[in-house]
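The following pair of complexes shares a single chain, subunit A, combined with subunit B in the former and subunit C in the latter.
Up next, the complex of A and B:
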């Protein structure tokens, strides 16, 4: 989190993350090219590079897509999410190299513009077998470009979280286009079943993980706490809370994170103001609630980020009766200070 | 994410769970019977000793080679002026009108230099054959050479 925009706010975690990306991508490219040269010594070197970058971008898009649901299923994958946008930008760059080289190699020697050639060389849109698969790759690359270009927090802030999220759902369309680009392209020309098997495993994993994680989330959304006569929700007895952590309560419209900090209890919206991360799955670090996704922080009593930061989330009123915590399900405006409930927790001094 | 976004996501993935496998299976079903065989067109052939036919057409020198017993044949293509196409599929056809699905795919020819391809066995061999150069990327016929043996 930061108060001003910079191209990249480097920190040790981001540097380590990016270093791993660079090492793995370079290693893959070297391994792919070396293996291919041994198996197919006569393959044209440009075609070899095109294939290396194409296959790498295919692997990267799968990685990018499975990180989200994996994190929803297990918090141990959260370190992968922290700098996922750099993985996404890497995917675009690798795909762009594949695309540009393909355009030059397969359309660059004609007497027309390469883009005109791309769209006019093959116009058999009515034939699945002869479908102009390169066009599918072009549109997928265009979407990846928009994803990469708007991945910065500047765009997230200025476009608004909801619109930004909707825009980035386009990645799913790009994924379908990439799958069909491969299926109607190289799969039609190759006899080896390996690529088909890998692709099948890849999309099965992506779809299954998203459906399992999505179903788990929908189930949680349906678990609504009982309302009492005074409109409050029973959130639980105080001994259910771990110190520095939250329990998430559902009021039927949204999720609310009730945190315990020592003997004090406070409630804020579960949705981080940055990218909508689940605040209730985070922890209290140095006295402030810390989002598990990107480390955005909020004060426990008013849901405001500590100065000089300006993010804020809605707060909720709590009350305690006989070591039981009750929640007022109606949110206060974002950044509203609320009374901190102090309850003696058994076993605590 | 909020409740609405979570719902949108699962709906999208339920749709994709149907669309992607349908697209995948459809694409598998239209894979041609004679897909390009990487191991065939990249294999280095040993050149047979006798030349039974030699033709020069456009930027190509075409040689039909055979062994002494005339039991196996080869097609040797030598490129005098490099092609502009990156991918040139070489097909063997017995028909005048070229159809990739009705022809035998021999392999790929590099844009410059040359290459030797094994020709089909005796039973598929005929007195008149057609060697077709086809760009599979642009789906374009580059050249067709008729050879009388």
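Up next, the complex of A and C:
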């Protein structure tokens, strides 16, 4: 976590994750290139590499994009999320090989600077059939570059979580540009239906998973909260809580995670200070609330990360009446100590 | 994170299925699911690689003898484009048969500037002379081009043709075929006939623009109903190069209207670029 800035805080899981990325990348390239060399030996080597890395980056970006909604739908996919930024950086590097080689191969060694040629060789922006698809790929690569360049926690800390998140949501703009780049480029040259089918499957998977996950989030937020006269929200009866887990309630503006730790109840913001992960979907591990995304932790009594770490989240006040938990919906400033209420849960010693 | 307590986690039943990335040993259930996911992903990636590679289309059979230098001898002419006529043999009447091989320069440049500079430097004209050249051959579909890979040093020898009869025999045989309108795609001859595969179509457009802009002869590739392709060198009405003028139309379906002339074994279309090119 946020102790000192290293290039990467390695651990066995990250190494295993990266090894899987390498295996996936290499196996695809070998499968693609070997098949092409056998079936189409006349495809020139540079074009072969351009197509191999281009198609690989297309598959990788689909994988990157489906991880988020999959994790919202099932916590079984959380291991895919843990080191997703390395997958994102890999996607950029693979796309960059495709992009740079394409620039040199198609625009280089001629009578013009490659970047000037990129924007002047084809200016038919008013024609769908002749649209300058390479420019779309260029802008997509530029977005991926900025995302890869700011993927480290150093930038997350210094740009601020909100700005950093907004910058990384540009992945969706990059995705649309890439789809258009492929549709207006190679799909128009290659008439095989398989390529279109692959693209449709990928696009449908990304869109539908996002819609399903989004709908689930909307439904969760629509749960009606009952307000008391004194402004407190009714969060539920104590028997609804599993030990070590949270229930998430919505105060109309944000989600709040109310954790049960034995007979104690505590409430903090649902949004992790690291990358906005859903703290309420985490667990209490060794007495601290642990985020399901990257394992960031917060103390139950004040929402602060245990030393030497410095993250903190807003806390909320609770009260209990007749085995019912009520929440004060107004947040305390991040890191404020609160009283952890103690309620004996029936049926448990 | 709280060090030294990780070993508790896998035995804590409430955390058995809770994934924490920095824990060294994963809970069994999670480890098993991860292994299955990895196997599925590898299968998807490999099958995708094979599937997508299987479905490349439009890869031509053109050849570019990259890395292999060839010595070629022939008679140089600057019309319709810079080319040499290479003696192939004789017909049954004893007439010499030549193959016209257009010349191109290294990378994405035409040979006309190189020839002009050579002629200025050596105060000579190469027109009608026998040249010995070294360079790289490209060929496809019955047509050949020759790249002057070593630039000026590709011209190894120049010989005047003193034999009158031979001088007559090497002259181009020109046949006027009237005004014609032909549909096809404007391609750059170097990439199409071997330097790049595929060397046509929208994905190749930018390269074709660079090549034609650099002086490589533009050619109209017209496919007939049987799938055979006919090739027409494109020149201006006054027989001048119109490379810059055709750039907006490269790699698109177009119709060219102009005077069609048969120049030995090449067809040439002399087009007014202002009025003779129409997008389809």
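Quick note on the criterion: the second predicted complex is superposed on the first by the 348 of 349 C-alpha atoms of A that agree within 3 Å, B and C clash if a C-alpha of one lies under 4 Å from a C-alpha of the other, contacts with A are read in each partner's own complex, and residues count from 1 in each chain.
To be clear about the criterion, a contact is a pair of C-beta atoms (placed from the backbone, for glycine too) under 8 Å apart; a residue touches a chain by one contact, two chains touch by 3 or more.
Note that this is a predicted model, so its numbers are computed, not measured.
When both complexes are overlaid on subunit A, subunit B and subunit C end up clashing with each other. In the overlay built on the shared chain, the residue A:88 is in contact with neither subunit B nor subunit C. When the two complexes are overlaid on their common chain A, residue A:130 makes contact with subunit B and with subunit C alike.
Looking at the superposition, the partner that touches the larger set of subunit A residues, subunit B or subunit C, turns out to be C. By the touch criterion stated above, A:43 is placed in contact with subunit B and with subunit C alike. In the superposition on chain A, A:331 makes contact with neither subunit B nor subunit C. Of the two partner chains, subunit C is the only one that A:198 touches; subunit B does not reach it. When both complexes are overlaid on chain A, the residue A:280 reaches neither subunit B nor subunit C. Of the two partner chains placed by superposition, A:303 touches none, neither subunit B nor subunit C.
With both structures placed on the common chain, the touch criterion links A:109 to subunit B and to subunit C.
In the superposition on chain A, A:189 contacts both subunit B and subunit C.
Here subunit C runs into subunit B after the superposition, and of 94-102, 112-120 or 166-174 the stretch doing so is 94-102. Residues 40, 42-44, 47, 105-106, 109-110, 117, 121-122, 129-130, 134, 188-192 of subunit A contact both subunit B in one complex and subunit C in the other. Across the complex, subunit A is touched by residues 1-2, 5, 8-9, 12, 14-15, 17-24, 26, 30, 33-34, 37-38, 41-42, 45-62, 64, 107-109, 196-198, 201-207, 209-211, 213-214, 252 of subunit C.
Note for the complex: subunit A touches subunit B at residues 40-44, 46-47, 105-106, 109-110, 117, 121-122, 124, 128-130, 134, 162, 165, 169, 172, 175-176, 179-180, 183-184, 187-192, 196, 199-200, 203, 207, 210-211, 214-215, 217-218, 221, 253-255, 271, 276.
Interface residues of subunit B facing subunit A in the complex, by the touch rule stated above, are 1-3, 5-10, 12-14, 16-17, 19-21, 23-24, 26-28, 30-32, 35-38, 42, 44, 84-87, 110, 136-140. Subunit A makes touch with subunit C in their complex at residues 1, 11-14, 20, 23-24, 27-33, 35-36, 39-40, 42-44, 47, 51, 55-56, 59, 63, 75-80, 82-83, 105-107, 109-112, 117-118, 121-122, 129-130, 133-134, 185-186, 188-192, 194-195, 198, 242-245, 282-283, 285-286, 288, 290, 292, 294-295, 297, 306.
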